[in-house]
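This report refers to the structure that appears directly beneath it.
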Amino acid sequence: MSHNTFGHLFRVTTWGESHGPAIGCVIDGCPPGIRFTVGDIQAELDRRRPGRSRFVTQRREPDAVKVLSGVLPEEDGETLVTTGTPISMMIENVDQRSKDYREIAERYRPGHADYTYEAKYGLRDYRGGGRSSARETAMRVAAGALARKVVPGLVVRGALVSMGEKEIDRANWDWDFVNDPENPFFTPDPASVPVFTDYLDSIRKAGSSVGAVIEVVAEGVPAGLGAPLYGKLDQDICANLMSINAVKGVEIGNGFQAARIRGEENADEMRAGPEGKPVFLSNNAGGILGGISTGQPVVARFAVKPTSSILTPRRSVDRSGAEVEVVTKGRHDPCVGIRAVPIGEAMVACAIADHYLRHRGQTGRG
Amino acid sequence: MSHNTFGHLFRVTTWGESHGPAIGCVIDGCPPGIRFTVGDIQAELDRRRPGRSRFVTQRREPDAVKVLSGVLPEEDGETLVTTGTPISMMIENVDQRSKDYREIAERYRPGHADYTYEAKYGLRDYRGGGRSSARETAMRVAAGALARKVVPGLVVRGALVSMGEKEIDRANWDWDFVNDPENPFFTPDPASVPVFTDYLDSIRKAGSSVGAVIEVVAEGVPAGLGAPLYGKLDQDICANLMSINAVKGVEIGNGFQAARIRGEENADEMRAGPEGKPVFLSNNAGGILGGISTGQPVVARFAVKPTSSILTPRRSVDRSGAEVEVVTKGRHDPCVGIRAVPIGEAMVACAIADHYLRHRGQTGRG
Amino acid sequence: MSHNTFGHLFRVTTWGESHGPAIGCVIDGCPPGIRFTVGDIQAELDRRRPGRSRFVTQRREPDAVKVLSGVLPEEDGETLVTTGTPISMMIENVDQRSKDYREIAERYRPGHADYTYEAKYGLRDYRGGGRSSARETAMRVAAGALARKVVPGLVVRGALVSMGEKEIDRANWDWDFVNDPENPFFTPDPASVPVFTDYLDSIRKAGSSVGAVIEVVAEGVPAGLGAPLYGKLDQDICANLMSINAVKGVEIGNGFQAARIRGEENADEMRAGPEGKPVFLSNNAGGILGGISTGQPVVARFAVKPTSSILTPRRSVDRSGAEVEVVTKGRHDPCVGIRAVPIGEAMVACAIADHYLRHRGQTGRG
Amino acid sequence: MSHNTFGHLFRVTTWGESHGPAIGCVIDGCPPGIRFTVGDIQAELDRRRPGRSRFVTQRREPDAVKVLSGVLPEEDGETLVTTGTPISMMIENVDQRSKDYREIAERYRPGHADYTYEAKYGLRDYRGGGRSSARETAMRVAAGALARKVVPGLVVRGALVSMGEKEIDRANWDWDFVNDPENPFFTPDPASVPVFTDYLDSIRKAGSSVGAVIEVVAEGVPAGLGAPLYGKLDQDICANLMSINAVKGVEIGNGFQAARIRGEENADEMRAGPEGKPVFLSNNAGGILGGISTGQPVVARFAVKPTSSILTPRRSVDRSGAEVEVVTKGRHDPCVGIRAVPIGEAMVACAIADHYLRHRGQTGRG
């Protein structure tokens, strides 16, 4: 990863700020001959779109993606085939209200990158969060939609497993429920919906915000992806997830819990399985041993901090060094972690697609 | 990061297995004119050396590092000056007992990478853990010793904050105690020593093992290192830590805790400080906002799983697919996480040195 | 360089085919605080635009570039300031005549990449040259326009020094003449214009084409850019130039001529100059010694082959393996090398800007 | 390529100076399961070893290579099998005579990198050419020896085609003669031996030196390696060759000659061949069209400048800025280009191996 590009063979470069004319990405290295439609990409994008429920901001952004290069249209007028050259995708920003940014331009919002941007660059794009805007994540989701198609049989799904102090009951886990239109939280636990609803309503009324933990599970990952060190599959998944704005922690399999238990509990035992392959009796490793996939589901979790754009006044300073109070008005999700679910899935899918191609390159397998 | 190289401008490539003739690294892109002695590197290496206490294996490995290139000797016969060309360092493996590996060669040890190496490469170096050996980490520490000198004023320190179910009391935190020769655990809490001692003795007697959590704190990191997305400083720190063998989770600042608290608690407030710079009233962010350093201490934590090399018999399969029981005899640390402290420090130092040079490249500052 | 991205710190990614909706590029790593206008970019683009003379194709392509990200507008409404985040530029393709590509789709044109695209990807975008179209070079020129502003005092100029068998007289070299509107060839030798005119008219009438050699000279390159090996400045310049479609050779300084002369003729002698810096008495080295710039002008030359799109019938095969004759109708420049002049300048400027930032990163100088 | 690493999937990092304790390389990404012996590597190294004839320096350097990692020994005690982890190779420097470098340390030798090293780094390793020493090329040859084994059926051969003003007669081309022990020049033309012998004797007696042009031909390159732009196979071959010290120009196929001839002469016609593949009637393209291999032999040429280490006094300055005369005493080849033949082969082999793996990664072919 280097600045705004990630991946080695399946390489994604993203660009754009929320208040410029557009945002976009370039996917380089995609295998040729992959068939998809703009609708496939759009379906993923719609999952993260603001306006899905009363718990995400009500901006009307159609997020209509355009595919500008790297594909040949088939005769049906809908299907696109990748040609192996770079695939450029773009979304125009239609909701750029002219707004008075003067106050934000001068003040460093606590918990935001205002001060650090200035410390780094000597200036910053104060309009709507600049590069750190949640809007940028749309392009990750678009790239992930293609990445999913690179690895045959790959299924990557995510779910919100905790919000603030509230956790789901894993005994109720139901993947089908996660994307149910009645489920505003990507929670896999139907019983958690009323709990999260009440909780988030109270957070919003208090002018506050709350974080979340997201779990992503990738099934259909062939054994052998990754490398023992430095190119570990778990490491690239973690790096991809940490590159998302507001993420403060990442873990694989049982993660931090592994540090609390004993070796004999933690190591996943094996028994003879079909086709001479082992069957694992547990999955504490999260599908990765020594940096390389085992063939079990790959499991990652990441923590999203509560947004710092809140109505509660906070102490800060401005560019002149004077002490000020900051209140962030406007439309803001009380829990930005909800929308992080499809983003996390996309970033995991990109890491796996990249390693699938790298593995095939080095070994000729896959 | 790509396979066995990490960093963009301060680039480290490592090579070697524990049972080959040597291990080594090449550091490319180091600034010219940095003065150091072999003793500086050796001192860091000695901190992770087996034999430091009864809780780490008793192998007699002098770990004597040689510097083979990229330096000019000064007249004192001791000081070396970097020339800007690649610095090669090597440690010969003197403790390669000839040993019967036949049993290991055929069996997949649970929790180890035996099966995944074969799934990936079609063969594996079964001698002593191959590439995934703890021995490889010596070169990370050597590289880190140089990285520390790249950033003026940088101090990177680590400590063990929990071992299995036992945690330190942060109220007792004493950095001076961490490297005390009487402290076999890199714990910052003197009161924890008897607790950890009893705990680890019982673990060892049970033929078991236990994990640990390590915290690394970097002070003297100038504000402005990192980038908003993809080149986030926290992301590269996490990737560096995740690249260490047996690490299963990483977090920055308050990490997963950030997902549990509210926005107004989490965002670090600012007041006017000296030289027009803000003073932060807390450091939940772990010294990084929007991927860019704030000037506060950078704080990272990582979880090390318990070693899977244990005396307790575990169920597994062999290469032929037959079901077997595996018991790992030989010298093994009951808590490999202890030795991870200087390794974690080194990996954080390398990430910061790399970003220091990248920041200077892009902006001319620093 | 990896697929469609080049540069390490000043990184350029390009995308697009001539017959898709648009072409574009993303410039990542550009220093913050650089001021430019869309007009600055457009002026460079206009230099390579078809329609400049009767010797380049008459397509009406306004090539109007849009800057989509990475900049803040200043109050004058025209000046843009780079923010340090990725700069996306795009040109929409307005001249996509619907055309019958069936014949091209089935036949491999000699000298073109038709066969090799299919050998690589299993399919190809047969519309207008696909990715190898000359149109793609517009984005190199756009990126180069920014690269020129990264290095203070840098001036990069190019000129056509031979066309087919005809060479310029270097005694007549006049930089001012190169961009004279009356000069259709970017030749620095006014006396060559009638010669080239007659020559090219005859080539065109014969339904043929001819190649050219371009020389690029960069002045204001500070001493110290580059690296002794692998990161040699001359090597990156050569790679950048070779990445242009139809380029078959590259040389630095006296280039291939160096292989013909003796050591004492070739080595540039030095005398004492101002500020303690040496003055070189000649520039056979082309401003680069041991991969590192000397402070003299950097001189590179590259050879562009004659376009294979000609009216003369050539023997070939089609996708079914049947033998066919191919005649390429339509608008084609008889000497594509002419338009390569601003492209070569841009690629040299990008290489120098990248090394300027890399040098500053490693050494803190510059 | 970045500083001292080249290649994307077959990655080579080299380190070392001629007067340090050793030189070496690390090859990362090599496919697992490749069988070789130290003798295979040594045989290639011996081809470039000083002492081969009276026209190369008489240093006694056994150049004995050691393989330190990344391999498993087979039972025969000789064969090594790559494991897929990094392969470290090293050659100890046994001929480090203690010598008085004071004069060189203070003076900038014309044509050498003395001044530019200081301009870049502020200091330099003045002992024996530092990093730019011809000795470094041994590691390129070692890496190339492995690269040759990565691509099934690949044969890469080089030959010297001109020395100073003297050229071979291509009508006499005999590959078998190139490596004949009686052939001190790697010339493919037996008739050229007496001519080159007399010529080089006169050059040496005059205390002078002369350059050379080397041609490298790779056969057995499958069609489809490379990419249309930026990842062009010809571009990476050129970059690899330009990274060799003293190389000033590179060309592919007919190279600069392509700029002199017409489109219908230049484009290689095709006829139907076996297995539905086209047969090319000529190879002006040098086996590469649109950056992608055609399946024909890949042909590259590069120009090596005459060494600047000559007995003829040349004007220069010293570090204090004073004007001096420089005479380079000691053992120096009158034509360093001779030894560049196996180096050029190795660099071409590395580029092809890297693209073979990249192609396999992206497309699953190969």
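Residue numbering begins at 1 within each chain, and the chains themselves are lettered A, B, C and D in the order written.
By our rule, a contact is a pair of C-beta atoms (placed from the backbone, for glycine too) under 8 Å apart; a residue touches a chain by one contact, two chains touch by 3 or more.
Note that the structure is predicted; figures quoted are calculated from it, not measured.
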Report summary line: Larger contact count among A-D and C-D belongs to C-D
Report summary line: Relative to chain D, the most remote chain by C-alpha centroid is chain A
Query raised in the report: Roughly how many whole angstrom separate the Cα centroids of chain A and chain C?
Result: 38
Report summary line: When centres are defined as mean Cα positions, the distance from chain C to chain D in whole Å is 27
**Report entry** Chain centre separation (chain A, chain D; CA means) in Å
**Finding:** 45
Report summary line: By the touch definition above, chain C meets two or more other chains at residues 2-5, 8, 14, 29, 32, 84-85, 120-122, 130-131, 228, 363
Query raised in the report: Which of the residues in chain C come into contact with chain A in the complex?
Result: 2-5, 8, 11, 13-17, 20-24, 26, 28-29, 32-33, 66, 68-70, 72, 81, 83-88, 90, 120-125, 130-131
**Report entry** chain D-touching residues of chain C, taken from the complex the two chains share
**Finding:** 1-6, 8, 14, 108, 110-113, 115-117, 119-122, 130-132, 136, 162, 164-165, 203, 208-213, 223-232, 234-236, 238-239, 242-243, 245, 248-256, 258-264, 266-272, 276-278, 281, 285-286, 288-295, 303-310, 312, 314-317, 320-323, 337, 359, 363, 365
Query - Touching residues on chain B, where the partner in the complex is chain C - result: 8-9, 29-32, 84-85, 228, 357-358, 360-364, 366
